[in-house]
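Consider the two complexes below, in which chain A is the common component and chain B and chain C are the respective partners.
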Partner chain A sequence: MNRNKNISSVREWKGAELAGCWLLRFSLILVLFILGFIIYDLVSKGLEVINWEFLSDSPRVGMTEGGILPAIIGTFYVTLITIAFAVPFGVAAAIYLNEYAVQGRITRLVRMALRNLAGVPSIVFGLFGMAVFVKLFGFGPSLIAAGFTLGLLTLPVTVTAAEEALSTVPRSYREGSFALGATRWQVVRTVVLPRAMPGILTGTILGLARAAGETAPILATGAAFFLPYLPDSVFSQFMALPYHLFIMSTQHHDIAAVRPIAYGTALVLVVLVFFLNLVAVVLRRRFRSRAAKGL
Partner chain B sequence: MMMQIVNTLKNENKLHPPLTNNSSEESALTGKDHFEVKVENLQFFYGRKQALFDINIEAQEKGVTALIGPSGCGKTTFLRVLNRMNDLVTDTHLEGRVCIQGRDIYDPATDVVELRKRVGMVFQQPNPFPKSIFDNIAYGPRIHGEKNKNRLSEIVEKSLQGAALWDEVKDRLYDPALSLSGGQQQRLCIARVLAVQPKILLMDEPTSAVDPIATQRIEDLVRELCRDYTIIIVTHNMQQAARISDYTGFFLQGELIEWGETSRIFTRPRDQRTEDYITGRFG
Partner chain C sequence: MPAITEKIMKIIFWLSGMAIIFFLAGIMFTLLSNSIPAFEEIGLKPFFTDGVWRPSAFAEPTYSLLNMIMGTFMVTAGALAFAVPVGIAAAAYLSEIASPWEREFFKPIVEILAGIPSVVLGFIGLVVLAPLLAAVFNIPSGINALNGAILVGVMALPTIITLAEDAITAVPGEYRHASLALGATRWQTIWKVTIPAAFSGISAAVMLGMGRAIGETMTVLMVTGNMIARPTSYLDSVRTLSANIAVEIGDVVFNSLHFHALFVVGLVLFMITFIVNLMADILIHRKPEVNR
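== the complex of A and B ==
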């Protein structure tokens, strides 16, 4: 009797298990469906406007015709400045936090602050950038002000990713190096950094991919509605893909007419971000296979 | 009792005077005979927890001192006191004196980098860097400023010969060190330490992660190396201690229960606990 009862309860539990499994599966399918739908929508409507002229020409006739070259170039430049700002500071801060700082309450507090900083809405970064870089430092609305602002936005991500990569380097490597009489910096430079580099690079690129698609931080710090020329210095204003997309979809005087251009812009932006992610994946693969060979 | 042992050791030492000249400086500083390592009243703490209690031990130049005892008895902690590896662990401190070649290594003026050059360490798990065999051996000399390629090649060859690995790897010096077998990796780690020309070698259970044949080779190597280096080896294997060491110290729960000539410790231990451990009654 008892035994039968047990078996039936197992069976019931199995049914619940099965239902749970389907629920999980359905959630995944839903996520994939949304992603697939966005990509389908973008490609089906954006692909037709993309041609060489679209990628190599400036907007013409009140931005109803022509291409998006200035926005591509602007996004490219601003991303370069973001890299120049966020990567050195982010990696250096991570090295200090993970290799030098005495671990304790303060480092825990710093890590918590970083995680919170990563959650600060990007518009807040944008306004901060305007107050500090545009006004206080007197850069004016410019590539450099926008690049620094995006850099600030990326910093917490970069620091966290870099620190995670550093902390995965086995302790035995550090000890082996210290035991040979290496100074702390020598340990970091010759053993820890080479080993952590793939993780640092991947994390950084993922952070950049996010920054490249941000609109709010550049809105107030240097992105322009329309410019008849390309930026010629770091103090120039610039056009950028995400901002251009925002304008074409909400601010243009004839939104319906420029809808295809907006779709094209969105597709280019998504492809760009996808490409950055791809680079991160490829780099990680290459470093992994090198690590597997032990070099 | 301790003094008696020390005295017998001293008398023996006079028959074989040490070869290097830094011992004269040592005796001038300490007023004692040629002890490479001399530990007095060492207390060691992790935070508030005391891990070593009143350790007194001496080791003369050259020869092998084995430290035995059950897991967690403090032998590894003690070993890591000798090259200040415990500095890397936060919230540790110690009391007492630890002198190496006559100098108190916990004196604030001590150059830790220089200390670790003199006192090399081989770890329990072979830990070659993910670099080539050559670069592993050249690592130490390079960080200490050696750039000359010929000099480096020379050091690499000599160190690998010193660790009895040269013949096995001379044709593939630029292969990844991690492609070697576990036993070879451990000898590579020994070679890597030899390359910075230490005086003292600390070995922390160097054979616990390798197979019996590799263990045999490493034991032979230890016997070979102790002609030129002072070796202090931690082992959980009593037979190993008996085979390769000249002196043995027995640790139990953070105390050094007894130490002396290996033959004496294993045949006529003076402490009941040592006898119990050696005869396998616990541990």
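== the complex of A and C ==
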């Protein structure tokens, strides 16, 4: 978009107009304040419980002591399955939309389905996952049932990111390869996909971040209140960071006593999600500036 | 050989594209097919007549969704009452007034807020907002509809800001210049020209924010108290459709009437958000105001 279309700089605003300007600016400062407050609260109260033991130990003594290692590992495993499901599917669907399909009624329908899928409430994914993956497919409450459920939920993120990445590959690249006699799949495999890889990676990481923070879809598809052991197969139940936070703040028998653990869990979860988002943003920025230069 | 690979790959990609439609249809079908036994056994009417939701009651189970629909409505309306004005004002500032430096600073802030998991916001509502509300309104507990509305508003804000900003930025510069040339002040230009010109995009942003608010589960589950009684004010505990599923999904007996009734709740929730998103979709793709 045209970045220099501003009517004027704020310095020229005067009187009542300046007051109006500040009114608008205040709304952004409010957003900043809300975010700042959340982060300050989590860091100031969460940091004191986070140490090596907290990150490397299992919960002990009725989850009132010990650490959150099983929840960290469980979140790691379930997001891996999510990505293993959502990325190949997402990239393939994006290749269909961007490289193969004739743009028309069908692609419009696919895109509309995608946007609606993105708007389905997360708890409805949970219901679907329970009915289909847990019961119908007979996976039981497990890593794989929860991973597939989260995979469906993150699909819109990965498809959209992959499509954006594919569309930044200049047309001339494809035309050049076609002119040399390459088939469509050869063009996609050797020319388009390698160029789009950083963008696809960005989408993958954004999907990871989204899946890692979701709670509602895993409530009945595999997340466990407490497990004395780590999951040993994809059919095991698992503990997960967001679910652990939910339990520690609402379901535990002594909520006041475990409040510090809840703060620590919340901080670990937020740091994890922020870190993933940050990586994605940095990757995207580098990718976009490279695409803008036409390299 | 390559010709065969070529064909196979083409089919794989086509199937993947169609899978998206299949997944959405699959969700609809699953909700519907699991709801039908409930409709067959208790009919459609008990879900929408006055009463409470007490499907596991031993003597006489009741299935009214009305209080939960009202709870969802209260939380959503409260959230939008806060998020829409703030979101549009923030979007207008970002697009029309902010210096490049401010834009670079504020846009990631909005994105970070969007990335906070809903369970973390719920936690903040529980430990910070609830005691605060209890003190301000002098009530025993701040676990109520207002708490949920504020937090869901915070969740909907990034969606509204980002999409509304896109819509406002897309208004051609000529509109602004013409308005200014006619002697309108900058303030008048923003409110009487630019924002009305971006109206359908902004409405779409609001609709998508509303969709998020209606479907939001964890935050609401944690801070609204989940009482099934009819709420009379924002200081009452409410249970939303989404929270109701989350509360009961854990220990519902598979294939029981309660199980199927829970899918009815899911179906209603899905239909509401589907319609809201569809309206947003239509609004986004209308874009009649920019005729160049």
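Assume the second predicted complex is superposed on the first by the 257 of 295 C-alpha atoms of A that agree within 3 Å, B and C clash if a C-alpha of one lies under 4 Å from a C-alpha of the other, contacts with A are read in each partner's own complex, and residues count from 1 in each chain.
The working rule: contacts are C-beta pairs under 8 Å (C-beta built on N, C-alpha and C of every residue); 3 or more make two chains touch, one makes a residue touch a chain.
Given the structure is predicted, the values throughout are model-derived calculations rather than measurements.
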{"item": "Superposition on chain A - do chain B and chain C clash or fit", "value": "fit"}
{"item": "Most chain A residues touched (candidates chain B, chain C)", "value": "C"}
{"item": "Contacts of A:104 with chain B and chain C, given as first, second, both or neither", "value": "first"}
{"item": "Partner chain in contact with A:96 - chain B first, chain C second, else both or neither", "value": "second"}
{"item": "First (chain B), second (chain C), both or neither touched by A:183", "value": "both"}
{"item": "First (chain B), second (chain C), both or neither touched by A:121", "value": "second"}
{"item": "Angle at chain A between chain B and chain C, C-alpha centres, nearest 10 degrees", "value": "110"}
{"item": "Partner chain(s) touched by A:138 [first = chain B, second = chain C, both, neither]", "value": "neither"}
{"item": "Chain B versus chain C as contact partner of A:172, first or second or both or neither", "value": "first"}
{"item": "Which of chain B and chain C A:191 touches, first, second, both or neither", "value": "first"}
{"item": "Minimum distance between Cα atoms of chain B and chain C in the superposition (Å)", "value": "10"}
{"item": "On chain A, positions contacted by chain B and by chain C", "value": "183, 186"}
{"item": "Residues on chain A engaged by chain B in the complex (per definition of touch)", "value": "102-104, 170, 172-183, 186, 190-191, 194-195, 291, 293-295"}
{"item": "Complex contacts: residues of chain B adjacent to chain A", "value": "83, 85, 88, 90, 113-117, 120-121, 123, 125, 127-132, 139-140, 143-144, 176-179, 189, 192-193, 196"}
{"item": "List of chain C residues in touch with chain A within their complex", "value": "2, 5-6, 9-10, 12-14, 16-21, 23-27, 30-31, 34, 85-87, 89-90, 92-94, 96-100, 106, 108-113, 115-124, 126-128, 154, 157, 161, 169-170, 173, 176, 180, 185-187, 189, 208, 211-212, 214-218, 221-222, 242, 245-246, 249-250, 254, 262-263, 266, 269-270, 273-274, 276-278, 280-281"}
{"item": "Residues of chain A touching chain C in the complex", "value": "1-3, 5-10, 13, 16-17, 20-21, 23-28, 30-32, 34-35, 37-38, 41-42, 89, 92-93, 95-97, 99-101, 106-107, 109-110, 112-117, 119-128, 130-132, 135, 152, 155, 159, 183-186, 188, 209, 212-216, 219-220, 242-243, 245-246, 249-250, 259, 262, 266, 269-270, 273-274, 277, 281"}
